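This report refers to the structure that appears directly beneath it.
Labels A, B, C and D are assigned to the chains in the order they are written; within every chain, residues are numbered from 1.
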Amino acid sequence: MASEEQSRASSPTTELVVESASEATPLDEGALLLRIYRLAVLTRAVDERLWIFSRQGLAGFVLTPRGHEVAQIASALTLRVGHDSAWPYYRDMAVGLTLGVTPYELFLGALGRADDPHSGGRQLSMHLSSPRLRIATVSSEIAAHLPQAVGAAYAARVLGQDSVAVCWFGDGATSEGVTHEAMNLAGIHRLPVVFICENNGLAISVPLALQMPIASVAARAAAYGMPGTSVDGTDALAVYRACQAAMARARRGEGPSLVELRVPRITPHSSQDDDSYRSEAERAAAAAADPLPRLRRELLARGGWSEEADERLVAETRAAVAAAADRALAQPPPPPERARRWLFAGDPPHPYLAQLERAGRAEGDRHG
Amino acid sequence: MASEEQSRASSPTTELVVESASEATPLDEGALLLRIYRLAVLTRAVDERLWIFSRQGLAGFVLTPRGHEVAQIASALTLRVGHDSAWPYYRDMAVGLTLGVTPYELFLGALGRADDPHSGGRQLSMHLSSPRLRIATVSSEIAAHLPQAVGAAYAARVLGQDSVAVCWFGDGATSEGVTHEAMNLAGIHRLPVVFICENNGLAISVPLALQMPIASVAARAAAYGMPGTSVDGTDALAVYRACQAAMARARRGEGPSLVELRVPRITPHSSQDDDSYRSEAERAAAAAADPLPRLRRELLARGGWSEEADERLVAETRAAVAAAADRALAQPPPPPERARRWLFAGDPPHPYLAQLERAGRAEGDRHG
Amino acid sequence: MVEHIAQPPAAPAEAGAVLTLVEAVRAALWEEMARDPRVIVLGQDVGRKGGVFKATQGLLAEYGPWRVLDTPISEAAIAGAAIGAAMMGLRPVAEFQFADYIHPAYDQIVNHAATIRWRSVGGWGVPVVFRAPFGAGVRGGVYHSQSVEALYCHIPGLKVVVPATPRDAKGLLKSAIRDDDPVLFFEHKWSYRRYREPVGGPDELIPIGQARLDRPGRDLSIITYGVGVHHARQAADALAAEGLLVEILDLRTLAPLDHEAIARTVRKTSKVLILHEANKTMGIGAEIAAFIAEELFLDLDGPIVRVAAADCHLPYNAAEEDAIIPNPDRVYQAALRLARF
Amino acid sequence: MVEHIAQPPAAPAEAGAVLTLVEAVRAALWEEMARDPRVIVLGQDVGRKGGVFKATQGLLAEYGPWRVLDTPISEAAIAGAAIGAAMMGLRPVAEFQFADYIHPAYDQIVNHAATIRWRSVGGWGVPVVFRAPFGAGVRGGVYHSQSVEALYCHIPGLKVVVPATPRDAKGLLKSAIRDDDPVLFFEHKWSYRRYREPVGGPDELIPIGQARLDRPGRDLSIITYGVGVHHARQAADALAAEGLLVEILDLRTLAPLDHEAIARTVRKTSKVLILHEANKTMGIGAEIAAFIAEELFLDLDGPIVRVAAADCHLPYNAAEEDAIIPNPDRVYQAALRLARF
């Protein structure tokens, strides 16, 4: 098949080289953990603020990553930003923050402000989108982005680009027909896709036992001729290694992988949910599995991180997030007459999005 | 869960008890093989006649079971007719003949005659339907009947009926999203479903290697927590045993199974297809795997069957089929003003279908 | 598991109970499940959670997990299993969590539920109800706001019902469950808890296919359904102040349309405004207008006006959403112009 | 594998070549793939077999398996992968083997292809063409006969194109492929090989959104598309014998409708017959009639007549199928009645 000509060996990668998020230098584990921790603290601070907005009636619908942060960050760190394409779902706030989305931009979205570069306030909170960072526009619909990610990987092959498509989704998404179709297509053509399942054991109220007859999502990889790994999604290094291996495999042209990250869902499904279907004990167990305290303890134990540094980080992060929130609050909603803009090509660009794209390109020029 | 109360142990079955197609007495292997062979000869005779109709322009679209006959018959013989529900696809002529559909009825359909009890001439040839035999109405659409079969099995559980839903489909159907959703749902609730894949290695022109990244359909069963077996679909006893085991499992309340029957596709996909995408060698290999000569040789070798008996069977079958064809040819097409009848409940019954149903019920009364 | 089920609320009240629309839906489900053991409910979160809008609350505790099934996120299988179960004698009520997520099941509904009776010359039937909350105004964004009802009205073999009031919701859902054919039943989520009224008792069935004269009038007819009925009432009140008597026809069923009721109101007022929250282009208003322009041309005294959404997806932010969807004031303005034509 | 590919036919001919509709489709694909390496074709049997109607014959040999992809039977993934690939810079042309099997991809098309540009405020675009043979008259039964075009005209963000002639098929498909937004492109399969005409060269683009005056007239307008154009021509010939000059407007694009061209012909003849093979209820004829009844009410001299399928699924047997779908004689009779109104 002519396809063989187009497959190329990817550049060699060693496990703990972070070729992502603006740096491409080797990192030691401690530095990596600290990096993940900083992003997790940032995510938590943004999340806390969103719940406040929600309670104040300022943000209509809050989807929270609480419990998933470390899984999201450690996996997202394995991407080359703006090069690999990212296909997150609605819970992936920390994927966004890791890839370069700012808290200000997230608040613009959650508050439905005109400048929101993701959707101009058209989508619910955390529905990321950034052409510059190659983050595909998130929809609220479960699993629909999986075949799209596979198409992105297919495009990379046709265009001869060394780009991997990375796709995040919940355990609930594994029951959708498109998930099967997407994984199958990726497997047939050994496309560079990494499927990352953030398995929190619940699709809103529906427990895993009512979603699938087997215990492990990763076990399904075999049906698609790809490797499947299941790792503790609160173990930062384990997540990072598993995703890095899957990325390396994709870059070597060996095809897709499925990585299952087992995580707790600490909050209700969303700000609209009451979690009444879980027992007190179940909720407590989820809270006890919070990855943040664990990571903090790990950093302190390793040395090079102190209680004082930690307090400073949290305080500084909160202050920065509060400032971003205030800035976003001061922004206006979209002008009503804009409602039908961008249904089709040819409209003038969204001003703030265009500005970010220009700045991103300029930065890219400097770095390239 | 209250479900447990509703699950009941099914009646014990031994492997070679045919509880189906009007008899429930133990059969020896020889008798079973002969029975399968007779039905295969009948199927072939009907099929031959359909191709003639097609060439004469009398039947618009012929879908042929050639190569699949033994797989279809031996699997269908494991059903209790009118009790288990049958969910065939468009290639399953021999499933129909085995369950009690007559050649005359098939010809009525292929010729688009008013009396066709399956669809009144509304659907293409071989689109079976028989409430009395519990054969669900076949659609031309790949895989769409799989979740419906699962629903039928679910209904049996809710209604406390000891009925299995048996679902036939091609390798092509395994790529559809609904197939995944259906198998998953059946697995979760351990529903009494037998999934039978007639794998002929082709979805029209698309070879298995472009349909799935793994070699075996049966291997996918593991993803749904059910057993999968792959057997040579031209080996009558192997097919029968595999399906019988799956039926027994379903009746015991242990849940669904996936049985892959590997078969040759001897003809082009349909009367509209030219098979130009297969090499001469590929077509020859398919023809060489014809299950009929093999079964005939086996019967002759076992004894109890002779060349003369065989010639007589073929001649008698051909004559009976020709008579049925002539009878069907003499029937009128539907009256045009009937076109919109049966869009909704409340219309008068289809006359010939009603007659068959009445006769079937009467027969059921006698046997019951 | 059972202990974590939300407290089962008391069984629904008798005739005359004053309920919201969503309570009326729940009451209808409850009563029909009590009446007929073949009725089952399936969908995402319908059991342990009782539905994201609580339309199925308490059913799991009352009727058990085989009759109240929490499904995986598999819309095509939800629809397909409901179809197969219906063919084998059950009366499934399949819930889609939002109408916006019914699309993955489109094939099962239009290619199968709609065709099975016809293609088997009456041999098989599909008594399924496909329920879904729909509609805008809740700031739900692209995927929690859609009006999808028109997408099913082109398909023979399907019935499409949209109740506007609690009483109709209860009586129509009961009719839909007892109907021998597939019914799409769309419940406007913005209206779920906004209005209360006395509902009928366990035996009140409201027939599918019959419009309801919501308010008799003289000068102009507003033909509408769902949340449109409430907008029309407000607009009509305001127009009364201008001396205009507006007739409001609540269609209740979109397929089949009640052509006679439409003809009656057109002949009476000769001026027609059609109102729906669904997009204007190819909303059911198109079919109603076409029917009138074809069959009642000589009865018309002015153009047939449509007030509907501005052919756009629906955003989360209020400013843009309000710019797109109809509201009582827009209905008032359009009606005034038409009345003066 | 390569040796079994059907003999690659010669590359498509130049401007003026006399082609059938399906040959014109193939020529457009061939030329656009030659012109732009980002164009790919994917679908079931599009490669080794060259498509069940041979619309893609020879493309695999010419452009290789990465640009001509034989997919599994996964309509949702075909659409979804095309969307994702388009977002990353390709220009995919996704084929559904029959329009009847596009429904499993409905969600990807209406919830994603249609929304992605809008929901990302222009950040992402989806330049995909979704092609499918459609239409009746081939005795294909319920699943090889459907007219599904109307099901996409309610959805903002989608364009819907239906060529009636080979020249239009070629020029419109080329425009669709070069369009930056998703286009549904439906090819009437009964017309695939029935008519031949000279087609345009590699640079002839026929713009999406513009109707074509197929035949100027005076007494009555037939507004139609697809196979309807051919029925209308026959009916118009017969009506000419009665002294009636019929104007035929071929819409070519159903979304967006060419409102100006519709207005021109209505103002000219004041009598309108809308013709389509799709079911009457909620076919695009409904929208056209509603538009006219709303915007051109005073220009009308008679009811707006629709000739369309009788709201039914389509059977395999000829007797019932012919009773359901329109034909030139039915158009003739209805036009005559309208002319005499």
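Convention: a residue touches a chain if its C-beta (ideal position, glycine included) is under 8 Å from a C-beta of that chain, and two chains touch if they have at least 3 such contacts.
What you see is a predicted model; the values in this text were computed from it and never measured.
**Student:** Could you tell me which chain lies farthest from subunit B when each chain's centre is the average position of its Cα atoms?
**Tutor:** It is A.
**Student:** In terms of C-beta pairs in contact, which of B-C and A-C ranks higher?
**Tutor:** Between A-C and B-C, contacts are more numerous in B-C.
**Student:** Which integer distance in Å separates the CA centroid of subunit A from that of subunit B?
**Tutor:** Using C-alpha averages as centres, the distance is 47 Å.
**Student:** Subunit B to subunit C: how many Å between their CA centres?
**Tutor:** Inter-chain centre distance comes to 40 Å.
**Student:** How far is the middle of subunit B from the middle of subunit D, if each middle is the mean of its Cα atoms, in Å?
**Tutor:** For subunit B versus subunit D, the centre distance works out to 37 Å.
**Student:** Can you list the residues of subunit C that touch 2 or more other chains?
**Tutor:** 71-72, 74, 76-77, 100, 104, 107, 111, 115, 118-119, 142-143, 156-157, 311-313
**Student:** Which subunit A residues touch at least two other chains?
**Tutor:** Only 119-120, 122-123, 127, 139, 141, 175-178, 181, 184, 188, 210-212, 340, 343 qualify.
**Student:** Using the touch definition from the top, list the residues of subunit B that touch subunit A in their complex.
**Tutor:** 175-181, 184, 187-188, 190, 209-214, 219-220, 222-226, 255
**Student:** Going by the contact rule set out above, which residues of subunit A touch subunit D in the complex?
**Tutor:** Subunit A reaches subunit D through residues 1-3, 6, 85, 116-120, 122-123, 127, 129-131, 136-137, 139, 141, 144-159, 163, 165, 177-178, 181-182, 184-185, 188, 340-347, 349-350, 353.
**Student:** List the residues on subunit C that touch subunit B in their complex, please.
**Tutor:** For subunit C paired with subunit B, touching residues are 1, 38, 40, 64-67, 71-72, 74, 76-77, 79-90, 92, 104, 107-108, 111-112, 115-125, 156-157, 179-181.
**Student:** Please name which positions on subunit D make contact with subunit B in the complex.
**Tutor:** For this pair, the touching residues of subunit D are 3-6, 44-45, 47-49, 52, 70-77, 100-101, 104, 139-144, 310-313, 315-324.
**Student:** Sort out for me which residues of subunit D touch subunit C in the complex.
**Tutor:** Going through subunit D, the ones touching subunit C are 76, 100, 103-104, 106-107, 110-111, 114-115, 118-119, 142-143, 150-151, 153-157, 255, 257, 278-279, 281-290, 292-295, 297-298, 300, 302-306, 311-313.
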